[in-house]
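Next come two complexes built around subunit A: one with subunit B, the other with subunit C.
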Partner chain A sequence: MINISKEEAGYILVDVNLTEANLSHSDQFKSELIALLNDKQRSIWLNMQQVSYVDSSFLGALVTGLKHAIALKRDVVLINLQKDIDDMLKLIRLDKVFKIFSTEEEAQQAIA
Partner chain B sequence: MTANYVFTFDNRPENITQCSRTILAYLEPLLTENGQSRALLLRAKFIVGELLNNAVKHSGTEKTDIEVSLEEKVLTINKIDTGAPFNLVSKIEKQDAQLIVSSDVMHLLYAIKKDENSVSFFCKENLTFELDVNKLAEHLGLLIITKAADEFTYHYHQPTNIFTVKLNLSR
Partner chain C sequence: MAVVSKQILLVDDNPLFLKLLARAFDKAGFNCHSANSGQEALTFLQTNVPDAILSDYEMPEMNGLEFRRSVLRNDRLKDIPFMFLTGFDDEKIRYSGLDLQAIDYVIKDTPVEVIIAKVNNLLHAVNKQRELSEMEIRQTVAALNIKAVPEKIPVINGLTIDFWHQDYQQIPGGDFIDFIEADDRYLFIVLGDIMGKKWKAWFFTFTYLSYIRAAVRFGVSDTDNSTASILQKINKVIYHDEGLRDILSSVSLIRVDRQSGQLSYAGAGDLPLLHYRHASQQLMQIDSSGLLLGLLSEGNYTEQNIALEPGDELFIFTDGLIDFAFADGKKSDYPAFAQKLQQHIANKQSFNELKHKLQQQSAQLVDDSSIIHIYKTT
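And now, the complex of A and B:
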């Protein structure tokens, strides 16, 4: 469901291999994200390019993952969001919670 | 133009995507014919997805009906089942009294009693919040529906639960 595409000193770039990120995937996604944070002890940058829909369960899993990351003094960053996902995040104001960037390069310039 | 259709969902999580696609395939041409932008379809998509989630998590039944109708420039989406009632109706005693359904650092979600059997949902944003990630809610379904809808209500008429979402079409 999530695959590491690049490991850098400060972060791991991870592809989210889902089109519809909904209730049927959210528990597994949450487990994989938390396991990766524990294992790598680095921030996770999620490449969301493939994801065309997210629901409340998946967003809840993202928030859980962010809480876990913050407790480890790391972060969960969102990259390459499709417009519908961006609109959903804005609707419930999660755009004020997650760091969101169009590309990995843009994220590097801002935070790496 | 008027339209009405009932979709039956089997309450299985693995079938949420297919059911949602079926409903949206019905809605897309309907809204386009009525001169609506993609923004309204997107709001409907968020709402349908969350109603189906709610069916999987809370209905406790083998099926849920999603009834979609368009009349007088209002799109109405009803989620109908005969599962356990949402206890909000009995929890709020007086008409027009309010109850906080959920709260976090950014939102307060309220239910207000409309009559003996109905509540309506509304939300207030905390515009001056100091972000504390640990104070963020992780259950967001009702909040998403409330914010995406123009009107969102729950009605219980034994043994039937009806969540009703209304979206106003632009003129």
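And now, the complex of A and C:
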């Protein structure tokens, strides 16, 4: 469901291999994200390029992962969001808590 | 007859047999996915949850039993009905398979029509069991008389209030509505949506509702009844509640002052409300600033007044109404919902007609859906 595509000193780049991210994936995604945060002790940059729909269960898993990251003084960064999902996150103000970037390079320039 | 559009995963290292089987299942109305090995099947299962799995036993590298064990180790997959296919009738294999909670066992020589009939029977039995379990919970819930939506709609001079609510797949979920008559003067209207679906989300609606009811009543008795400070109080409690650590919710909170007719609003991670202005015949978006309840200790809640003129309408709704299913997938589209609503009002159709329309389309909903309507009469 999630695959590490790159390990950098400050972050791990992870591909989310789902097109429709919903209730049936949310628990496993949450566990994998939290396990990764604990194991690597680094921020996780999620490449969301493939994801075209997220339901509220999956959004809940993302936000829970972010809360966990904040407690560890790390971050969950969203990259390559499709427009509908980006719009949705803005509507419910999640763009105020997630760092969102169009590309990994853009994120590197802003964060690194 | 096959169960239409049920998805089945077929796993076999013999490509010819797999092709024959897939063709027969396709013909019987199944949505079939074929995998040549246990490993390939596990890759498919990373992002898919089929209704049933039919797997060969004898396969190189990962055999059927190993594949079954991997499936059982995954909480998301372990309850998918599983059947073994084998090339010969070996009792030992049969027992090992059944020990691994495989529901059935089919010899490959069995005519394919019989294999399909077995899978159909299996799915039918599983569905029946699921329906019975859900019915049992539903009956228990009914007996306890606990509801996440109110039975009575408040009556207020100058305003007509109504709502529509539909659970996803008829199973109570995370949406909740409440009308809290805090005292003679103030009515609080609450629309919340616990992130998630079905029973798990539903269970937490009552914890949230209890906190919200308490905060509203404390707020009114303390004379600090601003919707923003009520949301902040609820947020603080929920944020520090260990039992709700992973449970977040959006809430739209509206206070109606019966004396002045004024509406005040604060939102927590909710969708923008839609205000139809009768004079300009335009639907305006009302954004709020607050974050989902339980997300951060400070939720940045702010209150704003909503001035309704006679003929104006206010719509407060949850995300189930902006999610649409298409042939090639699902999509969240707030502007599309706003446009439909604008069209509905332009056609001089009432909220009752909207409820009727939504009810007719409820089978296509992809999440719990709720909408509250406030209409200013005089």
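The working rule: the second predicted complex is superposed on the first by the 112 of 112 C-alpha atoms of A that agree within 3 Å, B and C clash if a C-alpha of one lies under 4 Å from a C-alpha of the other, contacts with A are read in each partner's own complex, and residues count from 1 in each chain.
Methods note: a residue touches a chain if its C-beta (ideal position, glycine included) is under 8 Å from a C-beta of that chain, and two chains touch if they have at least 3 such contacts.
What you are looking at is a predicted structure, and each value in this text was computed from that prediction instead of being measured.
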Since both structures carry subunit A, what do subunit B and subunit C do when superposed there: clash or fit?
-> clash
Now for A:V77: first (subunit B), second (subunit C), both, or neither, which partner does it touch?
-> neither
Considering only touches as defined above, state whether A:L36 meets subunit B (first), subunit C (second), both or neither.
-> neither
Is A:A107 touching the first partner subunit B, the second partner subunit C, both, or neither of them?
-> neither
Check whether subunit B or subunit C contacts more residues of subunit A in the superposed model.
-> C
Mind working out whether A:M1 is in touch with subunit B, subunit C, both or neither, as first, second, both or neither?
-> second
Subunit A residues contacting subunit B in one complex and subunit C in the other 20, 22-24, 53, 55-57, 59-60, 63-64, 67, 70, 84, 87-88, 91-93, 96-97
Contacting residues of subunit B [partner subunit A, same complex] | 13-14, 16-17, 42, 45-46, 49-50, 53, 56-57, 106-107, 125, 131, 133-134, 136-141, 143-144, 147-148
Write out the stretch or stretches of subunit A touching subunit C in their complex.
-> 1, 17-20, 22-28, 30, 52-57, 59-60, 63-64, 67, 70, 84-85, 87-88, 91-94, 96-97
Using the touch rule from the top, collect the residues of subunit A that touch subunit B in their complex.
-> 20, 22-24, 53, 55-57, 59-60, 63-64, 66-67, 70, 84, 87-88, 91-93, 96-97
Contacts from subunit C onto subunit A in the complex sit at residues 46-47, 49, 74-76, 174, 193, 195-198, 201, 245-248, 250, 269-272, 289-292, 295-296, 300, 319, 323, 329-334, 366-367
